[in-house]
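Next, two complexes with chain A in common: one pairs it with chain B, the other with chain C.
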Partner chain A sequence: MAFDQTATPRLFEERTPDLIGNRTFGFWLYMLSDVIIYAALFAAFSVLHTHYAGGPTSQQVVEPLHGFIDSVLLFSSVWLLGLGMRSMAVGERAMLIAFMGLAAIVALGFVGFESYDFAHALGKGESPQRSGYLSIYFVLLGLHALHIFVGILWMLLMMVQVAFKGLTEPVVSRLLNLKIFWMFQSVIWVCVFVFVYLLGAVG
Partner chain B sequence: MSQTENTLDHVEVQLGSVAAYTVGYVLSILLSGLAFGLVYTHALPRPVMFGALCGIAFALILLQMFLFLGLNLNPGHRWKTAATVFTLPILILMIVLTIWMFYTLQLRVMPH
Partner chain C sequence: MLVPLQGHYSFWLGRLSMQWVPYDNPIIVGAFVFACSVGLAIVAGITRLGWWGYLWREWVTSLDHKKIGLMYMIMGAIMLFRGFVDAVMIRAQQAMAAGPHTAGFLDASHGYLPPFHFDQVYGSHGTIMILFAVTPMLIGMMNIIVPLQVGARDMAYPFLNSIGLYLTAVGAALVMLSLFLGEFSHAGWVGLTPLSELAYSPGVGVDYWLWALQISGIGTTIGSINIVATIVKMRAPGMTWGKLPIFSWTSLSMSTIGITAFPILTVVVSLLTLDRYVGTHFFTAGLGGDLMLYKNLFWMWGHPEVYFLILLPFGVVSEVIANFSHKQLFGFTTMVLATFAIAGVSWSVWLHHFFVMGQGPGVNTYFGIATMLVGIPTGVKLFNWIFTMCRGRLHFDPPMLWATGTLFLLPIGGLSGVILAMVPADYEMHNSVFVIAHFHNMVMVTVFAEFAAITYWFPKVFGFKLDPTIGKKVFWSWVVAAALVFIPMYGLGLMGMTRRLSYISRPELQPFLYVQEAGMFMFCVAAFYQFKQFYMSIRDRAKGVHLIGDGEVWSGERSVEWVAHSPVPFYNFAVTPYIHQRDEWAWRRAEGHVRAKPERYVDIEMPKNTAIPFLMAGATFVFGFAMVWRIWWLGAVSFAGIVALLVLRSFIDDTEYTVPAADVEKHEQQFFRHRDAHSPDLRPIEQAGRGVYL
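Coming up: the complex of A and B.
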């Protein structure tokens, strides 16, 4: 093969700033640091999960069926947002808004169901102050529920932006970050479901 | 309008597919349902149950990392995968060393 003198060496190639690539990579690193916060909480959970201090045990606190219903709701929301992202990739704004709306509604069901569980536990006197186990239970699940709540607000905001601004480069990069955020919450939920709900029920 | 078309051609926008999300969704529901079923029916003795649940959690995490988050080694996504892989030792050190530290602390300071 002959040497192509017109080809510029890659090192000197002029690069256009890649807004979407830079923003999604930066947000990806941010989400990895978020995962490290969760890892610290799971490390605390691994120590505190048997520290009942005479209070209710994990078998009395967690309801594995509720954990499974929460899983189905959250995975459904992630799937719906994924379908919305595919609509975005082909430029279907209306479908993107519709799928995001559905994903937000399903996620609202998740937060509502978890809040009901929290209120029920608090009503029985199972407050975070009661024992080390209940402290880490409320902090871990509460932080995850807070993330989901923030994600719902983010979806509502993006629905407005897609409707009024269209699929411009900044809007698309925010949508991609929202997707990364949402799918990381799904991975974290797997750990919450298996280690807090299921192993908690096994005891 | 051409700007929008260029934007939507970006490798990050084109990441993922309806098939990947749907397969990931169905498998996630099935595996978490399996884990729930094992616990609900008390199908396994406690140590085996612990191993089975950890295995299912590991499978679910890998499945979602590949099918939902779209981890791969294509040039456009390589650095995300590299950053994720380099985060794993930190996660393992944090969790495993904490468990080990408190376990041996219990053995050394608590009266038997």
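Coming up: the complex of A and C.
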């Protein structure tokens, strides 16, 4: 709102805050801190990736094919969530919920498949306690899987909120942040796939 | 999956047992009695005054950035006191235990602290001072000043702001608890590996350290995100980047470091936690662990962290010197550039903390030169301040005394840093008390600037000044104390005294230690004056207000925060100011707009108070406690509580309330009436009946 500007210079001016813009910006900053977390872990990985301590080597541990299947699942989930976002943009709540549900199910497949791999490795005695390499292997993959798991819970929460509250400003800002989060986790996965799976298989 | 532990373990209580209660240690029992009496006195006092409801409604549940900032400051001050007591104990032990013929008391063969106890005091001193005293005070300062300086009514995320405060408080509370239940880390504030691994530290001390750092580190990351978002998104109309005041610029650079460096602390602390809890091999001495990985990661956070501590003080010094020289800050643009240059370089120097690792001349030379480069922007700043003072009208009120004090500390500390950055010299001096002298010298800059800020902005927040006569006594006793303690320390370092000694084998060092002890006495004097200053100024507050009536506190204020009334009402600005100049207030004063009033008032949206952050803090504290003692069920329950509270909050939409324009006008009129009668109303304006939501 503008005030009379003829007598004195404009000394006061009210403005309306931009809720969604503010929250999205903050979420980007949070993502930045998450990038740093992964960066530090990748740095640790680059130090420890040959520290087998007489235990299994990376060629024996990683299965690039499984990594590939994981990738397909994760990217499908991102794609489905993207479709959901398009439904959001046109205000189709039912479609948004449906796509989010599908994205969550596919992501659950990702987490399930990775847990299966983990269980298999543990069964063979390839535990994080065995060597420095296995420690970082489990922690890096585990942290990523944890992010995905949190994302799934987040989607469930958003499905409830979209259903009961509708597309209010706070709900939309959360959905936008969820999208950023989800895209970002898939980008991290690319690094995981390349460094842990592909380069690990080469040795 | 879990590691086997030594000693007693039970399902319900984890590692907790009577064995961990140090009831047989007279020092700790004394501290316990002291803490309990102070605690009881406070509780009794509040009950007597009937303040519980007020404290709950207006402080504990408050999302007001000024109150949160004040709570940060108060917590920092309490922890500063605790850290100071640790320092007194360290100095006394070293003075008493120099040479084979010195006597031993209590359980010690020399001095009065046995080595294990001494190491815990040492570890808690460093941890507390850096993370729970100085850092919260800086964040509190930003919390109070940054929204005012950018012309906003609150932080970008008031709710997260409160969470950040409480996470830091939980970390501090865990450290305090470790004094009475269990033990604290004996591995120094840097958590030296492999000493901090379970095999060498089987107790709970390192676990306390880990969880305190973990929880408060997350709090600091959140706080930094909030500050950056506030500066980027909440600036008042007209405030382009070029008009952002210097203190906010330094807040921005400091918080950028916060966002980028603290996550590394989260990682390094988590990995060490996994080593200790699950038995992984990140930093162990065998099975593929890498000790130096720990040092690298720790200092990748640690070095930016120490610059995190110095950048904001540079902002304070800039504001204060410009104010008390009655001049514009000299070389503003170079000041901002230097700030960001320091922040940027702080990323590529971490290795100077372990030149002795043996990574070869190439790497060491790179990091040595990078470290010395920091001296250039720091020098730029120093000269800018000197040129600001040059031909100014100087007024040496206490804030200015503190600020000019830093101008002496900075070159000495900086030059000793550059000496350490020369690799061959550092091979000699690493791990000697020369390093301690260097960084205390630097941290003194931070502390001096904090005192400058407190005395400078106190009237902004409360509406009256702190007594300047006593303030000068505080300052001079600090100067003498710091000189007595830290100048001999440089000498001791060059004579070869190493760090972290509970027993000093060379009696010829004792005279220096005695001089330091005299310095500690002076610090006690300074602490006494500081208490006295607060007490007298609050008691006689009517005396300190006389200047405020004209919208002038120090007669030279320049930045936007002074556009708001003093004391600042809860909504900061009745109507958001339009910003014309970097030194908006100086400009308004020159143009005669000091008493300008907006033509009409508007409705204001303010955040409602909420109990959720406090409840989350409670759950987080229980969680930290459960994890330290490995009480898994309790950990799970409290974690579920944290998540439940977060989900609950996401369902609450009604988080704001409206202050009608008529109310705003009423408040403003009241302020003007008091101002014109030269008797400012010192009661903070508070909005009744806004309610607290869960």
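To be clear about the criterion, the second predicted complex is superposed on the first by the 189 of 203 C-alpha atoms of A that agree within 3 Å, B and C clash if a C-alpha of one lies under 4 Å from a C-alpha of the other, contacts with A are read in each partner's own complex, and residues count from 1 in each chain.
The rule we apply is simple: a contact is a pair of C-beta atoms (placed from the backbone, for glycine too) under 8 Å apart; a residue touches a chain by one contact, two chains touch by 3 or more.
Worth saying up front: this structure is predicted, and the values here are computed from it rather than measured.
In the superposition on chain A, A:Ser135 makes contact with chain C only, while chain B stays out of contact range.
By the document's definition of touching, of the two partners only chain B reaches A:Phe193; chain C does not.
In the superposition on chain A, A:Val47 makes contact with both chain B and chain C.
When the two structures are aligned on the shared chain, A:Met85 is found in touch with chain B, with no touch to chain C.
Once chain A of one complex is fitted onto chain A of the other, the partner contacts of A:Phe184 are limited to chain B, with no touch recorded for chain C. By the document's definition of touching, neither partner reaches A:Gly112: not chain B, not chain C. When the two complexes are overlaid on their common chain A, residue A:Ser76 makes contact with chain B while staying clear of chain C. Applying the stated contact rule after C-alpha superposition, one finds that A:Gly166 touches chain B and leaves chain C untouched. On chain A, the patch touched by chain B and the patch touched by chain C overlap at residues 21, 25, 29, 32, 36, 40, 43-44, 47, 168. Against chain B, in their complex, chain A makes its touches with residues 20-21, 24-25, 28-29, 32, 35-36, 39-40, 42-44, 46-47, 64-65, 67-68, 71-72, 75-76, 78-79, 82-83, 85-86, 88-91, 166-169, 172, 176, 180, 183-184, 186-187, 190-191, 193-195, 198-199, 201-203. Within the complex formed with chain A, the chain B residues making contact are 3-5, 7-8, 10-14, 16-18, 21-22, 24-25, 28-29, 32-33, 35-36, 39-40, 46, 49-50, 53-54, 56-57, 60-61, 64-65, 68-69, 76, 79-80, 83-84, 87, 90-91, 94-95, 98-99, 102. Contact residues on chain A toward chain C in their complex (touch as defined above): 1, 3-4, 8-15, 17-18, 21-23, 25-26, 29-30, 32-34, 36-37, 40-41, 43-44, 47-48, 51-53, 55, 128-133, 135-136, 138-139, 157, 161, 165, 168, 170, 174. By the touch rule above, chain C contacts chain A in their complex via residues 156-157, 160, 221, 225-226, 228-229, 232-234, 236-238, 259-264, 266-268, 271, 274, 278-282, 286-290, 293, 296-297, 300, 575-578, 580, 588, 591, 593, 596, 598-600, 602, 647, 650-651, 653.
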